[in-house]
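Below you'll find the structure I mean.
Chain naming follows the written order as A, B, C and D, and within any one chain the residues start at number 1.
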């Protein structure tokens, strides 16, 4: 059990990247429209986030420096401020979406409109951020979020033609009726979601919150190599379920209820209960991840005291940023904007944010003044460079693809 | 100071590094560094670390820096607040962070942190306890 | 005087002529524990933030090291005595 | 200065673009998109309705899923009704498609109403009536893609 608890930080971090509210629906939508033809992007994303999360976990364990600290240190105040602005907006949009996601999950269980649940959900999230110990948060929401494994069981129960699914996964082109632009757009947004910057902010800051030292390098690596692949598997299972149930009918997916339906069809009422519980835990966990990350980035840029190891009274600026972010998120949702669409728009900022976040990590992970003999080996550097190139390509392609395809419509 | 780089590169080793106190708790960023011309020797000495959003705004300069310094000034309850100045003699080591020999309680609390503590965060139930 | 009065500013000779930009300021520790500035690093490039690749502690990844040094150009270490200091005390 | 001019130019271009009269191609694309949304809504309702008849779902979930679909179908019909018609060919498209969209919306509402009243026979009948509507909409999408 202790082993399981040790990797909950990685699991919770991965939930925010792979199965938060935007991704729950986007994975399902991708499966419904493209079958498994974009599965490879999820795999590429899992490897990419593993490479960089491993680096920043190592830096956090050995030098005690979380990611945004390094961003400011290595890029200087101006470029880091540009990154801070973009990262904060991505994080804020996602936080708003997750608050809406928690409310949508409750709607599925109560049939009362999600808008009425938004203030309740936001308050509950804030109380957790204010009062509950970091380890408790990651354990509860990391583990309950694993209820989403029900998608894997549902996929097996649906008895798909596995050979056809696998064959589909090797086709790197859009199916009939879809064009390359939309295919590209979904590829870019799946990749950007997998590598979304608040994952590394949260993961490295979480390592510092847990008091990692050089002795915890193994813990850090276990978190990375268990958490993110698990997130990727959930993501693929959701995609697979939608591909089996929806693609033959030509149905496109854009609601959370549609994402859950294959589980209901395969496993009945109990499955449905489990999947709604999983939605709740995953969106709540992602809300905690983004809520804390909004405070982490701002506080680390300015060098303020941050985190949940100390009483709020000791980190008043950090907690103020968190509270303001939650309130802004609620305000955004009460305009009745669709929470599920929100995270797609955060793609706009990835052009600035992705390169300016991952480049400093790669540079510092090579510096002996920080890591002594634990600097990157040839494998980490080769993968690091390959992914940096992919990140730059994705960052450059994101905005034109968004405009060209009308956000994938 | 025991642990120190040689030579000390002010931009690389000091500017934008995290300052932590003797217990490792964050104090601020090195937003600028004070240099003093020693009148006796005529040589330039590194004398103190400066920290605070206003110092940072002045360093960034231009419209952006002005904006940052302006916001910092407006958020301060006192007019013309002095920057947090940490004499280099209080620095224990310069590594991935700049570590001080003193505890953060011995340094003046940043005015915004204190004001938020008194007027906002401190008034919410449970502000005095870490999570459970 | 603040470090930002030197770093990122034009490097001048004592007579005032500009010959580059100051990229970093180097200091040495005296026996009495104080730090004395002895030199500045001067670059011809406009890109001012060094990634740290001018130090021996970091060499990789090779391609970023090459890019960084190509962008920043050659760095000259100029004794502080040969630099005209700005007029701010 | 250059940035400001650039922003103004881009903004002006977007405004001009958005008020240009629609082309027949753009109208057809909008029609296909509305039809696709209605296919998705009817398809989802058929799945939800059958699973509900098999007693596999929970009432609050079924309500929410059907409500989402009602909303989506109604929006698709409204969007096409509101779109200006550029030429006679587009009018033919509109006259073909609008009745189907309305039928989809009505059919979904019938399923939702029957389901909320717990009337299994009415649900079954409403689902059966929805199938040909879905098929026709799907045919429209296939023909015009």
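The criterion applied here is as follows: contacts are C-beta pairs under 8 Å (C-beta built on N, C-alpha and C of every residue); 3 or more make two chains touch, one makes a residue touch a chain.
Keep in mind the model is a prediction, meaning the values are calculated, not measured.
The chains in contact with chain C as well as with chain D are A.
Chain pairs A-B and A-D differ in how many C-beta pairs they share in contact, with the greater number at A-B. When chain centres are defined as mean Cα coordinates, D lies farthest from chain C. Centroid to centroid, with C-alpha atoms defining each point, chain A and chain D lie 31 Å apart.
Taking the mean of the C-alpha atoms as each chain's centre, chain B and chain D sit 58 Å apart.
Distance between chain B and chain C, defined via averaged C-alpha coordinates, is recorded as 23 Å.
Across the assembly, chain B contributes residues 15, 59 that each touch 2 or more other chains. Along chain A, residues 76, 369 each make contact with two or more other chains. Multi-chain contact residues of chain D (touching two or more other chains) are absent. Contacts between chains form some other arrangement here, matching none of path, ring, star or all-to-all.
By the touch criterion given at the top, residues 33, 36-37, 39-40, 43-44, 46-48, 51, 55-61, 63-65, 68, 72, 138, 141, 145 of chain D touch chain A in their complex. By the touch criterion given at the top, residues 1, 4, 6-12, 14-15, 32-37, 43-46, 50, 58-59, 88-89 of chain B touch chain C in their complex.
Residues of chain A that touch chain D in their complex: 107-111, 177, 245-246, 249-255, 257-258, 260-261, 264-265, 268-269, 272-273, 276, 409.
Only residues 1-7, 23-29, 33-38, 41, 49-50, 52, 54-55, 80, 85, 89 of chain C touch chain B when the two sit together in their complex.
Residues 48-49, 51-52, 55, 57-64 of chain C are the ones touching chain A in the complex.
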